[in-house]
């Protein structure tokens, strides 16, 4: 059928309007929701990710694609749910307490959404309690912490400790990032993963989900 | 008597020959050894230290004075010992394993000698075993470690640990220094003191001795 | 009474050189900035650590050490003068007493060095603009603004010689504009929102300086949250360089407002739009480039120095390097950079060195291409010939896009296809903008409902201009 | 056959400029050094960490990261070429396979960047001179020398494009000489001992390069352990600056020997005596100054660049700064420094910029005063007109002291009283030196018995010269 490859195209071009219309039509024509997602939408976002990695796409292109993807996904979600399909994973993300930098965090959130994750973005300057609450209410698999200031990096540790004290640490994986953060620092504070940029963050989240299921 | 103030002068000027001759004569004339040291020699070295701090003296001036001081002291030591007087303290000093930089360490050693300490200089590239052996054979009060390479700084920690394992740690104070070493690092590895330069090292050694006696 | 500048203080691009500004600034310990000599502006900050009651002693220790080392170096290198910048970290603005304590501490060190060694100096203090905590941010009321105001007051009282800020009004919309490459939102943020906040804020800052007796100079602002964000994103290949270049030019229309509301310079180091500001206002500017690679990479390493009056390292943490601590190492580096410029000036050759610094970078990046003396001057002229904040912003954008287009057409600037595509998009986008800001309002109020708070920009008097 | 150079390769001081050397060196990936362009030489090292089997993986990771970042930066800034220097840390020479592994790794990165982005480059590898472990050091026999030799062989095989060393022959005596301000020991070390070791060692190094097929260039040596030690001690106010200046000049007589025994340049970055070597040999030199403030403070920040062919940061650890890791930040800084020099050269104005770089520092420190082009040339001439190693060393010392004295007398150089006192002492000391080295032997053999090992310097053929 030609619709889904038009869907692929619409997402690739970041055309939310088209993506929505095509999806709607496809569903009306009885297309399989899971097939739409796995066969066309995720491949489109993978191609977007590839172009971004290759520096053929800039962020605006990427975000427009992610937005188109999200629009189509929102439409499909009910069908998916009733067919028992799950999102790639549930992520609670935020910039830690005291830190207002959110551009990088927003990018990571969008890319995760584009990658099929269900993302709960708590914004910037998020205290540990809020992360705990969000993990409880969303049943998150992953908590993603961002920090851009060296003086707020310690808040990552505090947040992880608070998650432990709340008895949630074993239920979730924690990933961290932001310009001053390093792999070594991530290990030091007991995070499960670190990545340098937003596309690597998606790959990381997938790895963490796999590790989670394996464990 | 005019001899001791000539002694003061000889040391201040770094004239070892005069310092020796004057001391010899003074002892022959029945001068009190302790009075010579405390009343004239140490004050001279204090003045040397002050001039060095003030940047009126360079290292060569300082070392020549220290050498004159040492020559005179060596002559007096038997009398001092028989009168029961003690050196300001006993120091074992060396550059740690793997590190060949010894200029800074040599300076510290000379200044300590000039300050009335009995100094056992083990040289550079000194393994922990050698420090342990020296502490045992000399009955040292203080172990002074120098390192100039970031890759040999960890050997300071290893040396301190080895001293502990040898059961000597409580008997001695450890002071550390060298360009890459910081106060914080000193605390981290469990040293008792750090100083930035050679004259401060003498003051530090005196403080450590006082703390030791107090404890 | 209109506060819009309509004339350039610098009558031709050849007069735009480092070290000299038509309106030098006297401040601090016998400093005169922009009067012929370029001085280092050394910036430093804490290494990775928490700021709390428990660590405060350590924090103070760091600043003591940094001040001591930097000034020792300046004396030893016989620097003709030095500016220290203390950029408060957010907790130090949240608790204004903390910022004031460090201000007083630094000032004491400067006083001592002046007395002992005759080192000329000044202290710049930059409270953190913490007003963007809320969603949408409240800029003119509420706790954050109260604290920010108090931070200025206390730092001024504690001895700041120059005060600056990196203000954030309009940024909430600009961030979104950048991320989606949405020019209309970018122009709205830089041309409509930001100037209104700047006018309001800088009236307050200048008043605080005046009330405290006028010893403290209101320095200037920076489009850091706008143009440097774009520059960093372009550096990471996340945004097109041509967009970052056009945003930089437009941001000058915004940063200019500080000067129209009391600021007299030196402008803030990270305001790479400085040369445009200098052409318009004649006030001295602080700039940063290659010797700030500790804080930012940039395609502006040398060209940034071409017209500077202060030369800065932007920010470096108090970490140990092989020679000593980083702030001291940067004090040395900047001192030598300045010496070279001052030698050229002494030989009457500022313009020649300026041109070499320019040629070094000019055609390797669109962001550099719009910052040469002629380009900066052209943008400056476009700004002063335009109308209100919105029109000045647009005029700057047009001028910058025009400079890039000419350079591309004439083969001086070579751009990859994807950058050319964006240059076209930007040109088209600029052409499609309404001629007056009122033409944008409804669209923006709807599109960004909840993102920005109109009353923060004077709404319902929004339409009165600033 | 005498190997002593008797003529200058550069016929007058005006021809001594940055970027150009009479005898350019081709090496690595399409690099030509000294042929008109100044290139950055980026040096990097590990952060504070142990090197052991357990940490080796981490060590390799650091070098991977440093190479990746530095080359990314060079490509992004369109550097015309770059040299990386890998200075082995002692354990990597102790275990030569380790040094070779890192050499191969770096070479792979250079190859990839050349292929992918056309980045020209070369890799300099500098094994640690570990021969000074014993007291007295054994230089020509024993385990340390065997390992050092093997380290050279393996690094050459692993792909080093240039090899260098900071050799230590004579240092055991020189250290004492410095500490006691004892000019006779200093001259003995620099004029009698060091040249003998240099001749022997560099014959070996050149032979190893030739045997391996000649792809690897024998670069040069540095009087680091001598003149930089003096410079650092002077910086810390531990030695007079005039002594450090005279030692620097005399050290050129020593470092020259490498070139007389096979080295062709580029000389080692930390050999600040480079300009003198360049005047004599015509070989390209690497220099470091303000942009090496991460590794050393110095009074030579700008003047050091005046005649360089490579421009280096000396050494920086792989620590995180606000912008990224330090090696990357320094790659950016050096690239911009080089761009400026290359722009001036392109405009035919190398000499003018050189003179500004010189004027910047020349009369603020005696150490700078002896490194201007005319001063370096004057010292170079004194050296080639003298006889053996000892006499060349003395001639250099006399020339330097003469330059300082004239500058003081003519009021260009102002020195504090305690420096003037030392200048007099040095002048007197030089005058009192015996006219031939044999006049020193007995005195030195007695004074430094046990400190140096005569056979390390060819004894009993000691008297045959090198």
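Per-chain numbering from 1; labels A, B, C and D assigned in written order.
In this section, a residue touches a chain if its C-beta (ideal position, glycine included) is under 8 Å from a C-beta of that chain, and two chains touch if they have at least 3 such contacts.
Keep in mind that what you see is a predicted model, and the values were worked out from it rather than measured.
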Where subunit A and subunit C overlap in contact partners, by chain label:
D
Between B-D and A-D, which chain pair shares more contacting C-beta pairs?
B-D
Between subunit B and subunit D, tell me the centre distance in angstrom, where each centre is the average of that chain's C-alpha atoms.
34
In whole angstrom, what separates the CA-based centres of subunit A and subunit B?
62
How many angstrom between the C-alpha centroids of subunit D and subunit A?
53
Centroid from C-alpha atoms only, then distance subunit C to subunit D, rounded to Å. What do you get?
41
Multi-partner residues in subunit A (2 or more other chains touched) are 150, 180
Residues of subunit C that touch two or more other chains: which are they?
45, 317, 322
What is the shape of the graph in which nodes denote protein chains and edges denote touching chain pairs (line, ring, star, complete, other)?
other
Pairs of chains in contact here are A-C, A-D, B-C, B-D, C-D
Residue positions on subunit D within touch of subunit A in the complex are 320, 322
In the complex with subunit B, residue positions of subunit D that touch it
45-51, 89-91, 130, 132-133, 135, 175, 178-182, 229, 233, 236-240, 317, 418, 422
Which residues of subunit A touch subunit D in their complex?
150, 179-180, 182
As the complex stands, subunit A meets subunit C at residues 55-56, 58-61, 63-64, 98, 100, 102-103, 106-107, 123, 125, 149-151, 153-154, 180, 197
Could you list, by residue number, the parts of subunit D that touch subunit C in their complex?
45, 73, 76-78, 289-291, 293-297, 299, 301-302, 315-317, 319, 321-324, 326, 328-330, 332-333, 335-337, 339-340, 343-344, 347, 349, 352-353, 356-357, 359-361, 364
